[in-house]
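Both complexes shown next keep subunit A, but they swap its partner, so subunit B is in the first and subunit C is in the second.
On to the complex of A and B.
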């Protein structure tokens, strides 16, 4: 490269003649704007000198990447080691796990959850009482995390093209007698079990998240056995969206009502009821149903989008 | 005004969630209307809240349900919270208003509505980050923010955007992970998640000297985690790729809002969880200061090396994030005022830059290399003027917000220790020169005599909405630049109430 005065250098920089991103001589002219990025990317022309660019890229890979490949593992090990030692030291100084007098286990928060949870929320399952009554706003956020993830996957994968791979796999699976017979026996049981977990979330271990996951897996199994067309009769893209929308709307509005009442010192119409009854614990049962619906739909939606490109 | 106004943040949060859910069923144009009206409504409602809180001169805790802290979730409604809630709603409104054309051109029609759904979700995440009085609720909505911004980035759907958003996701999830570790450690040693109780417990812990190392670890993990998510140097490498490839409207929302939300949440953490004194004893602020100062210089150096307009603006974004964290690390009072002012400045400037750049580039047939943008300012006069105004503000010329921000940084530096004073002044001087280098180059380039007539490709016809949005961006920038007194006083007053 010829030597430049500052003035010349400035001019060359201003003209865009200096390309910092490309090291050294021997690089072919990089493709123009359109190929680099930006608005015109849709009609980007093919790079002029494809072979030369590829040759350069290969050379670059050999020279620069060899160095990178050598440094990278060392750095990874080093950084992971430092972070591990740091976190391990933190863990050794934390209060012992499981003992009763740690700050987390003996705080007034936990005491009230355990002692008054049943009478205040009406939920025999204290966990359900905490996540759907005491800290219901967090759970409202969590179910919208699922919704956001489902939308993001829709953005990524929603396409009209069928994927040939999944078609082939499906043909094999649909002829599989073992799968069919097992499915016929198991799917109703799994569905029933999932519904039970959702419905009795406030009475025992379970709830919308776990029950919804079980129902979602039943739907996935059904789709594997009998093909997504059969599922689509009941749950196509439109009804999928409507179902999720209804569940989320119900959740948001019901909780909005209950937050509003709570903040302004009003009584809600949903009392704790008689603990232990199916219809008790105020809003927890309907909220569990809403969360279960969202989780089941999201699970099945992910599966369908990743295999079929549509719900 | 009655205290009923205090319910508005809750209503706005729920309304955002409802609009997002409904938006999945609407056609694109309707989803856009919903998002725009939602942002405008949030702006109006939070303005009422702001007036009420300002009149009352105190902060309010708002129970989300029947249980007060430490048992139930809460919001905290104060002056700064409302101010930033307003600013974020305003910037989202203007970005969506002015960013219709690139969205229509670059996004598949069937997916257009999801952009607006994601924009609603970003707004709700920002509102909760601003208002939440609960560290874990903050984390939940950080997740929503991450996923939604990822969706916003990859909506363009070509290979490069998917690659860039994967990269963004890796960086961002690293940040979320660190933040979550920090929260878990903090919960383990205090037993609380709500900020008022955390603050009390942290005060007691510091006084007794128990769990010193875990506490230090959790403060640094939370701070660094949020800094990584904001894209602070050296974690800024995703920016150039992401903003260079995404739809300019996405870049505007991401750079103007999402990265700022995390920075504001860190300020909340410093004041409401640790308290400024304890935070300043931990020494984490020095790390943030060093990373910020390095980021200012390295971001500008990166911008100078770029020949691509979007990527240059992206590197400039990295530099501005550096400013914000430099201010947070500088000092508790004036430094934070400067940092908060810089958040507002950058939120109001960067979207204008991205949107104007997209306009200029579209007019020149999609050109992004400076060479090919020559004379774009003549063919697209409005975008040229808005770009110039925003660029002047980024450089820090008088009568713009940028000038005030640099002035506040200088002022804050004189209250800090000598090494920080010297470093801050040095960084300010160097970065101003570097900023001038690359922004002046761009502005001169778009106003040079054009080499060739523009290509046939014309921008779409929705010019008025862009002109209004850009004009508002520029006007606010200049107006605050001339009359900065009330705003800086307000920031100082809000910080004193925090």
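On to the complex of A and C.
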């Protein structure tokens, strides 16, 4: 068999050339297996007759499937009931809800985050300080998970053919005056709000993930109102890749720098600054921007791939 | 025991949500409903985690007035962990939906039993 690229394999699978479901050796289609279960041994066919064996195997499979279908819901309900009773029993053993002196709430780490977080990271929002400074590796992995998921969706759904039904819907939507006026009023406000959430992630509730999702929703709304071609002028497949990869690369390099300096006791150029200012808290603001870019692009990318088949 | 369950009703609600999601995941044959069930299970886990970090009568961990006292704020760590969980569940959902779309384009159904039957019929035709 000649070597194929991944896309060719995928295409072959899509067209039904490859079949993963052909039963291999050891399936209960052989008469010996079927007979050993002792079920309806009298209509056992002669071993040489292929068609009869296949018919028998199908009947056996159907009977098994019917039995399975009857037992399965009962078993599911039983198992879930047992699990939930067990978990509720565990809940009664937990410390009371809202108490301060539980092991999870009174540990040394939490006290360190709350009492020294402001002077060490400069972030007024302690959660932002935790996820983008103390535990920045975690957030880096998170961004890469999102990026990998976007890549997987891109591989699975990228197609060059136009989808006719979405074209028809778009023609109707593009003539809609109400939609256009609402879009013209709402989209700038949503974008502005998203940018505010990203920029003030270290000063209050917010951050790259939530702000990026808001910006992504503004892009989706824009694409719905004015058609994906208008978005594609600014954000096509190439610029999408470049933007996301640049943001991830910037995140990795910035965190490399700060880990290198921190481990060797060097002075960094990103100090905590004056807490409460916009340009403070060291690397948290640029990292929030990078994460916000990745999230916004990924959200819009998911939408565009699922509806249009391309970014 | 019911008294204790009512006192920590958020955790109990999380357990019930988990059970609802798990049942949805296992009992439905439609792939889309299975994905919905998986997401309900995720939500239950987030609810449980955040409820662990909550402390009665304390402020959210935003040091707006510069008071850096650990006894004034709730636990900031579960919020960060839940954020990770939400991002991962969004990614998993996206990949699952993309795979389901591929299956739908191939078999024109999302019902697992029908897909299984079609696969077997095609295999038998080939023999």
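Please note the rule applied: the second predicted complex is superposed on the first by the 247 of 311 C-alpha atoms of A that agree within 3 Å, B and C clash if a C-alpha of one lies under 4 Å from a C-alpha of the other, contacts with A are read in each partner's own complex, and residues count from 1 in each chain.
In this section, a residue touches a chain if its C-beta (ideal position, glycine included) is under 8 Å from a C-beta of that chain, and two chains touch if they have at least 3 such contacts.
Being a predicted model, the structure only gives us computed values, none of them experimental.
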{"item": "First (subunit B), second (subunit C), both or neither touched by A:113", "value": "both"}
{"item": "A:177 touches, of subunit B and subunit C: first, second, both or neither?", "value": "neither"}
{"item": "Touching partner for A:158 - first (subunit B), second (subunit C), both, neither", "value": "first"}
{"item": "Which of subunit B and subunit C A:84 touches, first, second, both or neither", "value": "second"}
{"item": "Which superposed partner A:263 touches (first subunit B, second subunit C, both, neither)", "value": "first"}
{"item": "Touched partner set for A:100, first subunit B, second subunit C, both or neither", "value": "second"}
{"item": "First, second, both or neither for A:148, with subunit B first and subunit C second", "value": "both"}
{"item": "Touched partner set for A:67, first subunit B, second subunit C, both or neither", "value": "neither"}
{"item": "Touching partner for A:138 - first (subunit B), second (subunit C), both, neither", "value": "both"}
{"item": "Intersection of the subunit A residues that touch subunit B with those that touch subunit C", "value": "14, 16, 19, 21, 87, 94, 102, 104-105, 109-110, 113, 135, 138, 142, 145, 148-149, 152, 156"}
{"item": "Complex interface listing, subunit B residues touching subunit A", "value": "6-7, 10-11, 14, 17-18, 20-22, 24-25, 62-67, 70-73, 102, 105-106, 110-111, 114, 117-118, 121, 124, 128, 134, 136-137, 140-141, 143-144, 147-148, 150-151, 154-155, 157-158, 160, 162, 181, 185, 187-192, 197, 201, 211, 213-214, 217, 244-245, 304-311, 358, 361-362, 365-372, 441, 444-445, 457"}
{"item": "Subunit C contact footprint on subunit A (complex, rising order)", "value": "14, 16, 19, 21-23, 54, 58, 73, 76-77, 80-81, 83-84, 87-88, 91-92, 94, 96-100, 102, 104-105, 109-111, 113-119, 124-127, 130-131, 135, 138-139, 142, 145-146, 148-150, 152-153, 156-157, 204-205, 207, 209, 275, 302, 305-306"}
{"item": "Contacting residues of subunit A [partner subunit B, same complex]", "value": "13-16, 19-21, 32-34, 36-42, 86-87, 89-90, 93-95, 102-110, 112-113, 120, 133-138, 140-142, 144-145, 147-149, 151-152, 154-156, 158, 241-242, 244-245, 248-249, 252-253, 255-256, 258-264, 268"}
{"item": "Contact set on subunit C toward subunit A in their complex", "value": "1, 4-5, 7-12, 15-16, 18-19, 22-23, 26-27, 51-58, 60-64, 66, 68-71, 73-80, 83-84, 86-88, 90-92, 94-95, 97-99, 101-102, 105-106, 119-120, 122-124, 126-127"}
